[in-house]
Every structure is written in structure tokens, then in C-alpha cells.
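This is the structure I want to talk about, given as C-alpha cells.
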Amino acid sequence: MSPLTYILGWPLLGAALVALTPRNYRFVIRTVALFTTLVSMLLAVKMFVQFQTGIATPQFVQKVPWVESLGISYYVGVDGLNVGLVLMGAIVAFAATCMSWEIKTREKEFYFLLLTMISGILGAFASLDIFFLYFFHELALIPTFIMIGVWGRGEEKNYATFQITLYLTIGALLALVGLIVLYIQSGAQTFDMLELTRHIQANPLSVNAQNLIFPFLLFGFGILVSLWPFHTWAPLGYGSAPTPTAMLHAGVLKKFGLYGLLRLAFPLLPDAAHGWLNIIAILCLGNILYVGLVAIRQKQLHMLIGNSSVAHMGFIFLGLASLNLVGVTGAVVIMVAHGFLAALSFGLGGYLFQATGTFEMKEWGGLMKKMPFIGAAFVMAAMAGCGLPGFANFVGEVMVFFAAWKTFPVATIFALWGGLVIGAVYMLRAVRAVAHGPLPGKWAELTDAGLWRKVPFIILLGSLIIFGCVPRLLTDKIRPNAEEIVKMATRTAAPKIEPVTVGLGK
Amino acid sequence: MFGNPETLAWLILFLPLLSAVGITLFTQRQPKVSALISIGAVALSFVLSCALFASLPLDKGLHEIAFQWLSVGNLEVSIGARLDGLSLMMLLVVTGVGGIIHVYSYGYMHDDASFSRFFASMSLFTFSMLGIVLANNFLQMFVFWELVGVSSYLLIGFWYERASAADACKKAFITNRLGDFGFLLGIIMVWAAAGSLNFAQLEQRFASSPEVMGAMATVAGLLVFCGAMGKSAQFPLHVWLPDAMEGPTPVSALIHAATMVAAGVYMLCRVFFMLNAPALEIISWIGGFTALLAALIAVQQDDIKRILAYSTLSQLGYMIMAVGLGGPTAAMYHLSTHAFFKALLFLGAGSIIHALHHEQDIWKMGGLKEKMPVTFWTFILGTLALAGVPPLSGFFSKDEILAAAYHHNLFLFALAVIVAVLTTFYMFRLVFVALLGKARSQAVAHAHESPGVMKFPLLILAVPTVLAGFWSIDGLFNRQFGAETSAHASNWISQIFAPFNHAPAAALAGIGAVIFGFSLALTCYQNAESDPLPKKLGFLARAMRNRFYFDELYAGLIRITQEFLASIADFLDRWIVAGLLVRGTHGTTDIAGRALRLVQTGNLQTYAFLFAAGVALVLLIVLGK
Amino acid sequence: MHVGLEHYLVVSALLFNLGLLGVIARRNLLVIYMSLELMLNAANLALVSFSRFNNNLNGQVMVFFIITVAAAEVAVGLALIVALYRKKQTAHVEDLTTMKL
Amino acid sequence: MNSSLILEIAVTILALALLLADLWTPRNLKRYLGYAAAAGTGLILLGSFAWNPDPGSSAFDTMYVLDPLALYFKRFFLFAGVAVLLIGVEFSDRFVTGVTEFSVLVLFALCGMLFAASANDFILVFVSLELITVTFYVLNSFQRTRLVSLEAGVKYLILGALSTAFTVYGIALIFGTTGHTNFQQIAALTGNMTNKPVFILGLLMVLAGLGFKIAAFPFQMWAPDVYQGSPTPATAFLAVGSKAAGIVLLLRVLFIAVPAVAVDWTKLLMVMSGITILYGNLCALPQRNLKRLLGYSSIAQAGYLLLGVTAMSAAGNSSVLFYLTGYLFTVLAAFMVIAIVTRGVDGEDVSALAGLHQRSPLLATALTLSMVSLAGIPPLAGFFGKFLLLKSVLERGAIQPACYWLVGVALVGIVISFYYYLGVVRAIFWSENSGSNERISISWPSRAVLLVCIGGMLYLGLMPNRVVNASVQAVQVLKPTSMPRAVVRF
């Protein structure tokens, strides 16, 4: 049994236990949830530590045939690309479970959905089988909708639920179609990523086939990652979502799309990908600049954070589009870093909402006075958000900038502007409005977070700073696989023109 | 083990960090302990710097130590320490002046609620500044550059409850970010073209093939200069510095006089090798212009700290101009001396403000000579040094700049002289109004000399203010920049006259400027009740007082560009995409459903008919083709 | 004149369409039901004529099945319609529209 | 008389035995006869697993064949029969008279379905269809005191008869043009029949009849009304049994009788399936009545099933079988829950579900899972079924790019369906509870059915391997291989 199976199995077990516990045993339910996620977090840390750096082949693998006739198998394992993501997912999962104290109604259902979502997320990133990649993602996606719809907040809750469901379902289904067509066209008769990759390297897809598949994957996954202009679901959705859900989705699940693009779209469809690089570069500017500007205008904190998290996706896209070792590595680093950051900022936003019952920034001010810890954490989150050195985001972003310069100089200039200036503007506005300035009288009785409430924030901040100060923890692990990906993606394949025969039935 | 430079350098760098972390995590509740930790850390690193300075034979190559921080493909970044005259001298200045200011703030801030937070931020700042000083590659410099930015953000916003302070720190950070935008872009260009970030390697590349940057050379140089523009508050990014005076006075002394603002100049000297002629030309002009602009504004300010702030600006302009004129030696020389006397002046101002219970308007002071003699005399010394009166340190350093200007560009030389006049004028305006004359407010009546912990720093700083001219700092830098060591006579008598020997015009001009400026100030402000200039100069005076309306201008610019675009984007998101498209889809689907349902009339004959119609339709589809 | 397969088919087609018309046009359930029987018998006629002209008895067999089934259908159907009439005192289709949309 | 008819005979005997037993059973014990019927059918089901006939065996000189496909569907129908009979018992207190007759009728319909499963001749197609249809006339109107039930019965009567008329006439034309009614013999000829309009016309009329059974556009009008009005068990049987019967006959006719024509009809089938999906889902969107909602949803599901048929491939057919199996458990669970929940209340408005999760966790779970499965969400049967269907159509897309558009339509349908399916889930858990709050008691047989259905959904979703293999092996008798091997043409 691979540790990964345990990592994603514990939350599932927790979900089962919660389902069996009577609904009025609140304490038991909470304890079960916290315990299971804690265990899976510790296991993930252990795995990350034991991970052997410098090897491209997946580690901790486990493979169980599932449907032989279609070549589907339960296949988990981590290599440089997803080891960080799994770790990040497990940590954020625990933090999110800690933040779930804010849920007061129907805890049983909530924790059941939360744990299901968590194991779905971890499974999605641990899977090396395309079918299960999708399967787990879907498993995590649906609880998100329900949680937003039921425990969500704000007057636009219903619309937000509708919108996020619409976008994400469409995105997921497009991606699914793309993946199935990829499977069919490859003729490999397997959903095993590595085998599929090997098979396609041996006999590449025809350019036409690639051009057919790539848009499905790009836009399918793109919608999931709130690629501009398919981004409007994100800020409102996160704003309306209960804090733990927002943390998990914005932090972890959202990276699924990028992971898919990086893992499958670029390396397996190189020729098609090259045609799209420029468009991606332009779209990612849409994220960085346009959404950044939108973030500047926001009057409510959750909308600001949501938009900023959308803006950050742009850097990752830019890194992927630059398609060179530095850029891809940087992109993966940002994926991990932004996971912590998004969870952190949504967690803080949720905390402030719980404390004050509003998201209107003009209502706040000088909260630093009353809650020094939360205030400090908020300032740090904001600084990390505008790419301050010492936090993991900086490493990734700077790598992306360096990498993108050679391929897209102009885009890089704009991206720099967006990252260094626009980012700073809205983040500092938030700080100015929330933590600084005179303290309104009505918040006189606010109190700072107690020790237990601090735990999730400390964990997340710690992870951000550790990876920010010792980036090699990540980059050295990522490099070998990033090299592979880049090699495949930049391979100028001599595409075979003679048609691929497709077996209708076997 | 303390013998080898490695450990020393690392200790010097990381001691302040340790103290910052320690204070934040453990001694929040014990302010005194925090203060001692912080002061101890910076003092220790000062001592170690001296040891390092003594132990390293500077004329034998450069010492560089580093460990790899990030290494992916051809992007290799290390955190290292480059030990040469430049960095070592700067180390001494930062830790020395910084240490003194730490001690001073122990007195100045003693009754503040968040004492610990203050010292934590100070330590963090020291750490970041040392990082810049020791940086051996561009990215490390950028990293600590940013950290300096954020620690100054924290310190300016130390009294964050005050809206003005909160706005000031925001403004400072964002303005710096504008500069950093260019800086990082420049770094990326250099890396892309020259393929390395390490200063030593780059220096060799540039030496071996001057055309390595190709067409981008000037652009890259100027972009890198943007960083300096931001940190050293050069026009047009100068607006943040005066507002930064919202921070506690020691902070103003440390960050906005002695060290941080000098980082820009330091950086330019560090990368001097990559600046080509056109770039230098522009740099020198910007420096000169800033110097003049700031000096003019300083003439009409009433807030004692703002006056000093603008004088800092104009002195920085001097240094930048010096770099532009190809005289990094002069720049660094002036930087060092300026660090001493400007820190002295700020601390003096701080002690006055402290005594007058945070009164900063010079027209509400006066008659402090008897009340606080130590402060008064040290302040006078600082003023003289700033004005450049021989044989004080300021005279020599300023003279080197004037000399450089005289040799390269007469117009800038004239400009520099004018600035020198103005400098003397506003400084003595300050002295006459604030210190001399009779008391102008109640506060002055029961003002008294500051406690020892604030007095001694003034006295200590007074020493280098006076004597730094005789320590041949410039010689050190000359060796660094491989320029010919200007003839240095052994005894101090001849050293005084050294300037007159190698650039008489400059020296005389400098002295003339001092005399002229002083006499002007004397005529205008000796026991003046109110400022005579507004009547004399009219609009010009108002423009000066209002800082030539730069803030208003920028506010307007931002409104019509960024804010405008932002509102458009927001509108599109809120109404077109979210509103029209998404809600539209929702609506149409729903309506389609309700409309389609109407077919289900419940009348079975309708159904029967539709059944037959269906058959016909199918028939059409199949046989139709 | 000689009467061929076509004639029979045309007749059966006419019957079928008449029946269909009745189903669609008439309002009374019983009449509609009779029209349906008409359609079935149109089929019967077609089958018989086909087997007669193809000399193939399967058609005849089929016809027997149809007649039997039709009988059963009529039995059930009439019972149903009567039950409905008892309940609602009407046998008109436009009265049967409580379930719609 | 050979042994291949043993299941049909067993079911008939069971039915007759029940009729006899009913004479001597006192009124208050009659519901136990329902249990007996279920038990008997259950035994037959188990027996069918024990019994494995030789694949080629047939009866009535190849009018009736017993191939793996037939066996697959016979077991399918038998399971459906057991569940429906138990739903019927749950429901029996709402019948004025004739609890036993209801079970017996169900058994007769079941018998018809069993015949339909192995029909290999248009005569048997007609007879089995009629057996099903005529019994359903009675089943649908069985609550003869409720007007809606009668109305449903009458509508089904008229429209069913109409469709029969078309089928019969179609068969007549086919017989006339080919001179045969046996599938193999017709298949032997169809090579040169494809361009005969009369033959095609006849085939289309048969198609109309089958389309009526599976409620596919444009023959779907009856479904919502009849589903809503009929007694819940009858609706369940209609949704599962008669739809499946239609599907199996469609498969047999298309791929055994007239494979050549089938290929020409891909476009037609695509249009039908696409519009069916949209129609069903769009109409279901504003629907509040549960059974009517399921009526529309069953239309949509028919569309999805047709997707598999349009694939014209073994993969497609097997995915149809798999999907149908998942659909079986899903729908039966749903109707069982509805039958129990609406026991007290009149009408089946969604609001009746309010607070269900407190009144009975089992019912809540069952209905939630069935809705989630219908929506095609992992880890349940519906997800994997839809996955297989889409996959098969996309494979077809390699030769017929139009399939991509069809898939697009299907995706739109799936997205729309999320709203009303999850809406039901919402009603179960999160609508404020207006109605009664007392716990619902469930008899252990119903409980067993629910558990089996839940188990089935999860089993098909979590370890589909065996069923997939079974369906693949079952559809081998169908001959989509008679088409040219496809080639990518971009």
C-alpha cells in the first residue's frame, strides 16, 4: 500500500465515520474530521521528506487494475510535479478543517462533504491514471457546489452557486471530452499517464488530432483555473463560499486545471500547443492586468481576495506558456505557493467576517490594534500576495519573469507591472483599509484569535516562509520532471500524416 | 573560527535577523529586553564589521563567499557576501550609524506602547540593509531591496492608527515598487543578455566584451537606475520621502537620512561597470535636477523634519549626479559623510521635537540655545558640515562632487553651486528660526535638554561629522574604482588644502556658496517674526511651499489612468460578463424550458397528432436525403 | 379490369390514414378507439394481400395474432373507457387534461 | 418443447398460481401474496443465474433465441420485476381492490418483456410488445378511483394503440417487401433493400413504435402525463421495464435485422438522441412534481441511451447495456422512495421531501444517491455509464465529426440536469421542514430493495469491471462489425 493511498484514504474514512455518527454528537464529528485530516497531513509531510530528489520516475506508486478492458487502473504515485501539490493539499486540508469551527448548522453534512472533497482533491493530485484524475476531481467538485449553496454567505449566494456550478461543470466536461478523445486518438488503449506518454512519444498524434484535442483541454482546464475571460465565477464564488470551502477550492482544487495542462496538454500535444502559446500569453495578461485592476476597485474584502487569487493564476499560465525549464518549474512553485497563500488569505477574510459580520472594508480599520496576530498575519499575507521575497510566491514569480522574458518580452513587462505595482496597490489598499488607520468605536470589544484559532494561520504562514527561504526544497524535486515536460513539449515532432485507424470496439 | 571572514560576514548579516525573529516570537511582552537584544545585535555586528575591515587585505583581490539559494537550468541565484572596500565601508556606516540610532531610539521611544515591535522592525531593517550591502549578485540585491522596502513600510507606518502615517507608508511602498519594477526588468535584461547575475562575473563579461548588452545597454542601465530612483527618491519618484517623515524621528534618521536612501547610490556604484555614457548622462541630469528641485522646496518648508527631508533629497541628488558624472568615489564619499551629519541633524531635530512634546513647526520654536546646549551645538556642527564649511567632513566630500562636475559638465557644475548656496540658505534659515532668537511658543518655555541616552549619540556622531574628512575614505573608494588615488599628503594641514590644490575653482566656488548663502539667510531671518520670502517671491514661494504641486499632479494622473481603467474593467466584469452573459444564459435556459413545456397540453389528441407528425418528420429526414 | 397488389395496398393505406385522421380529429373516445381498430385492420388487409400475392402464409399467421391481440386490446380499452365514464360522466378527450405541462 | 423458454413458463405459472391462491386468501392477508410473488420472481432470478443454457438455443423455429443478450436482459427484467412487486406491496393500501391482480399483471408484463428480450422475429416483436402494452393499460389505470390514474390509463391506451398500429403496419410493409419476418432472413436481404422506400417506410414505422416505448423524440409526448398519473409501481415498471424492452428490441432490429440500414440511419438517430436529451432536460427544469420530473428525466435518459446506439459499435452497445443497468437500480430506488414518502400525502410535490433526512435517513440516502447517479456524478453508476457512452460516441466521432456536436448537446443536457437533480437533493436536506416530522417506518422487504439498489449503484460506480465485461460479451451477438472499419478523416 502506498502512503498516498493512506493520505487520501484517511479523510475518506473520516467521511464514512462522520456519516455514521449521530448528528447531535457535534464534538465527535469535529474530532474525527480534525484527526483524520491531521493524520493525512503528517503522512504527507513524511512522504515529502522521504521523497528522493533528482529522480524523474514516480515514487510511492501503487497500481490496482480497475477496468482492464479499457485500461483503467487505480494508479497513484508522486513525482516532482505533484509531490508539492499533494503536500500543499494535505496541509491546506488540515487548515481548512481547523477553520470549520465557523460552521454552526448541520455540521454532520458539512464535515461529510468537506472530508469527501478533501480526499477527492488529494486523489486528483495523486492519481497517475487519467480516468481517476478526473474521477477524483469530480468527486471533490460536487461537494463544493453544495457547500456554497447551503452554507454560503452574502446576498448573492444563490447566483454565485449557480454561476460556479455552470462554469466548473462545463469546464470539467470539456476537459473530459478532451481527455477521452486523447485516449482514443492515441490508440494506446490505456488511461495510465506514463504509459500513454510513452506511447505518444513513440508515435506522436497527427497534427490534426492535436489541434482537435488541445482546445478542449486548454479551455476545459482553463475554465477550471479561471483563465481570463472565464474568470467571473471565481471571486463571487469564493466570496460566497464558506471559509473552508473557499480555502480548499481556491487553494488546491483550482490547481487541478493547471496540473492537467502541464501534465497532459503541453507534453502530449506539443504541435498544437505551440500554435496556442501566444494566445495563452495574451489571456494570462488578461488575468494579471485586467483582473488586477478589477481587484483594485473592490470595496469588499472577499471580492478583493478572490480577484487577486484569479490574477495570480496569470503568472502560472505565463510560466507554462514560456515552455522552458525555469518557467515550468516556476509555475509549479507558484501553484504550491499560491495554494498556501489563497488558503491563508481566505482564512483570514473568513475570520474577520466571523468576528465583525461584514466584508465591507470601509466598515473596518485599525483592526491591528485589537487583533495584533490576525493583523500581522493579514499584512504578511498581503505582502506575500504582492510577491515579497521571503515568501514562496516570490520565488515562483521571479522565475516566471526570468523565463518568460526570452519568449514574450512584452507580456513579461506587463506581467511585471501587474505583479509588482498593481498587486502592491490592491494589497496595500486592503491593509490600509483593514488593519491600519483609526479604529471605529464599534469594534472596541474585538479580541484577537485564541491559540487554537491561530493554528491554521501559523501552519500556512510557516509553509509559505519555509518554501520562500529554502526554495530548493521544491525546485530540486521539480526540476527533473520539468526537464522531461519541456523536452516533450518543445519536441518539434514530425507529425505522422497517415491516418490513425480507430478500433470501433476492440 | 571568528578569524575567517566567512563566519564574520554571516554573523554580521544574520545577527540582526536573529534579533528580529527572537523579539517577534518571544519578547513581545518585555520591551526592555527586546531593546537590549536589538541594540546588542547591531552593536555586535558593528564590532564584527570593524574586525572584518581590519582582517581583510583590501588591495589583494576581492573576497566573495556564497551558498546557492536557487538553481534551475541557467538561472543560478546565490545568497552571498561580496567583501570589498565598497561593501566594507558601507557595512561600517550602516552598523555604526545604525547602532548609534538604535541607542538613541531607546531614549526617544521609551514611553511608546509597542516598543518591542519598533525594535523588531529596526532589526529587520538593519538585516535587509546589510543584505543589500553584502549582495554579490543582482537577485540577492533585489531580494533585500524589497525587504528594505517592506521594513521601511513597517517603520513609516509604525503609528498606523494615524491615518497620515498609514497613507504615508502605503505611498512609500508603492512608489518604491514603481522603481523596483524597472529595477527587476533591468536585472532580467542583463541576465538574458549576459547570462549571469553575479557582479564579479558580469564585471568580467562587460570588461571583456563591452557590447555584450548590445542595443539594450542604455535601456538596461536606466532601468536598473529606476531602482535607485525609487529608493533614493530621485525625481520623479521623489514624492514619498517627505511623507515618510510620518515615522518616528529615529526612523527618519536611520532610514531616510543615513542608510536606506543611500542604497540607491550604493547600488549604482556597485553596478557602475554596466552604465554606459548615455545612461550616465541622463543619470547625472536627473540627479542634478532633483538636487535643485528639493533644495528649492526646502527653502519654504516650516516642518523641521520636512526641511531636513528635502535637504536629504537634494544631497542624494548630489550623489546621483556624482555617479552620473563618473565619480562613484565622490558619490560614496559624500554618502558616508552625509550619513554622519544628516543622522546627527535628524537626531538633533528629534531631540528638539522630543523636548517640545512633538512640536515640529519651526515658527513655534526658537531660543533653544540656552535650553538645550548639547543639542544646539551638535546641530550647528551638523549644519556647518552639510553646508560644506571647511574643515568639516561635508566640505571635502561635497568638494569632490563639485570637482567632478567642474571637470565633466560646467552647466551641472553651476547648478551644483546654486544648490550649495540654497543648502546653506535653508539650513541657516532653520538655525536662525528654530534655534536662535527668542522663544515663540509656550512649549519652548519649559523645554529642557534630553536625557543622556539621547545626548551621547549626538556627541558621538559629532566626531565623524567633524573629522571624517581626514580619514581618506575617498582613497579607499578610489582603490575600489581603480581611479588614480588623489594626492594625499601625510599631515592634516596639507590635507585641508588638498582640494585647493587639485581643483581650486570647485573648492573656492564651494566656499563662496557657503558665504553667499549664509549672508542671505542672515539678512532674511535674523530674529524674523514671520517668513519674508512669500512677499518677495510671490507665486514661486507658494509653488515651493506646495512642493511644486507634484502630489496633486500624480493624484490626477493616477485618477485618469489606473482608476479609470480599473472602473472600466470592473464594469465589464460586473455587468457584461457576469450580468449579461451568465444571467442571460440562465434566463434563456429557463425560458426555453418553460416554453418547451407548453407543447405538453395534456390533450391526447395533440399528442397523437404530434406522434403522426413525428413519423412524418423522421420519414423526411431519412427519405429526404 | 385486373385488380392487383397495388389496389389492395392503396385501399389499406387509405384505411390507415382514415383511421389516423379519426384518431386526431374526432373528440369522442369510443370513436377514436374505433378509428384505431380501423388502422389495425388496414394493417391486416395489407398483410393478407401481401401473403396472397407473395404466396407466403406468414402474413396470414400474423393476421391471426393481430386479430387476437386487437380483441384483447378492445376488451381492456372499453373497460377502461367505461370506468372513466363512470367516474367523470364524459368520454370526451378535451375533458382529460388535468395533467399537463 | 425445449428448455429455453423455462423462465417465461416459470413466470406464467407463478402468475396463474397467484390468481388461484387469491381465491382462497382472506382479504387482510392478500398483501402477503404480493410478497410471495416477489419471492417467487426472486427465486426465478436466482435460478436464472444458476442455469446457463447453450448460447445458440432457440424456440418456435428461431422466432425466439436465447443468446447472452437475451439472458442479460431477462435477468434485468426479473430484478426489475422483484423490485416493482415489492413497490406494489408498499403501495397496495392505495388500491381499492385487487392487490393480487396487480402483482399478476406485473408478472404478465414481465413475461412479455422476457419474450421481448429474445425476440428474433417481427411476429414475436409484435406479440411481446402487445403483451407488455395491454397489461400496462390496466396497470396505469389501476387506481381506478383516482381520476389522474384513469386519465393516464386512457392516454396510454390511445397513444399505445396508435403506436401499435404504426408498428403493425410497418411490419406489414417489411413483410410485404422482403417476404420474411425473421431477422436473419431479412438481414440476408437488406444489402439490396436499403434503397426501397416502402421497406424503409415500414422500418421507420416499427422504429416509431419502439421510439414510443423508450419515449424518444418525437414519440415522447405521452411520458410525462402517464408517469405522473399512474400508480407509482406501474410508473417504475414503465420507466425501467418497458423502456428496456424497447431498447433491446431496437438493438436487435437495428443490428441483427437490418445492420446495413442502421448505418445509414446514424444521422437520424443522432438527431433523435440530441433533441431527446435537450427536450427532457429543459422541460424537467421548472418541474415541481416528482413523478413528472422523473418522467421528463426518463426522456432525457432515453436520449443518453440513444447516444450509445448512434455509436454503431460494440463499445456503444455495451455501454447502453451498462447504462441501462445503472439506470435500473437508480430509478427503482427513486420510485420506491417516492412510493413510501407519498404514502400519506396526496400528489407528489417536491415539497413532500422536506425534512426527509430526519424522518428516514435511509430513504434520504437512497433518493440522494439515485439523483446524484442520474446526474452522472462519481462515484455512482451514472457517472461511469455516461463516461462509457460519451467515450463510444467520441470514438464514432473519428469517422463522423458530427458526433462531436452530438456530444456537445449531451454535455449541455448534463449541465442542465445538474440543477433539477441537485434541486431534489436540496429539497431533501435543506428545505425548511413544513410537513409532518414523525419517522417513516419501512417494511424490511422494501428496506432490502433500497439497500440492494444503493449497493448496485455503488457497485457499478466503484467496481464496474465485471458488469462491463458481461455487457461487452452480451452484445457480441449484435453485428456492428458489418460496417466498414473506420478511418480518421479530419
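For clarity, chains are labelled A, B, C and D in written order, and residue numbers in each chain start from 1.
Simple rule for what comes next: a residue touches a chain if its C-beta (ideal position, glycine included) is under 8 Å from a C-beta of that chain, and two chains touch if they have at least 3 such contacts.
It should be emphasised that the depicted structure is a prediction, and the values quoted were computed from it without experimental measurement.
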Chain labels contacting chain B and also chain D: A, C
Which of A-B and B-C has more C-beta contact pairs: A-B
Computed distance of Cα centres, chain C from chain B, in Å: 98
Gap in Å, rounded to a whole number, between the CA centres of chain C and chain A: 64
Chain centre separation in whole Å, for chain B relative to chain A (CA means): 37
Euclidean distance of C-alpha centroids - chain A vs chain D, Å: 42
Residue list for chain C, restricted to those that touch at least two other chains: 20, 23, 32, 96, 98-100
Contacts with 2+ other chains: residues of chain B: 597, 600, 602, 604, 608
Shared-contact residues (touching 2 or more other chains) in chain A: 162, 166
All chain pairs that touch each other: A-B, A-D, B-C, B-D, C-D
Residues on chain C engaged by chain B in the complex (per definition of touch): 20, 23-25, 27, 32, 93-94, 96-101
For the chain D and chain C complex, residues of the former touching the latter: 122-123, 126-127, 130, 134, 137-138, 141, 144-145, 147-148, 150-155, 157-158, 161-162, 164-165, 168-169, 171-173, 175-176, 179-181, 224-225, 228-229, 292
Contact set on chain B toward chain A in their complex: 68-75, 139, 142-144, 146-147, 150, 157, 160-163, 166-167, 169-170, 173-174, 177-178, 180-181, 184-185, 188-189, 191-192, 562-563, 565-567, 569-570, 573, 577-578, 582-583, 585-586
Complex contacts: residues of chain C adjacent to chain D: 9, 12, 16, 19-20, 23, 29, 32-33, 36, 39-40, 42-43, 46-47, 50-51, 54, 56, 58-59, 61-62, 65-66, 69, 72-73, 76-77, 80-81, 83-84, 87-88, 96, 98-100
Interface residues, chain A side, partner chain B - complex: 159, 162-163, 166, 229, 232, 236, 290-291, 293-294, 296-298, 324-326, 329-330, 366, 368-369, 383, 386, 388-390, 394-395, 398-399, 401-403, 405-406, 412-413, 416-417, 420-422, 424-425, 428-429, 431-432, 435-439, 471-472, 475, 479, 482
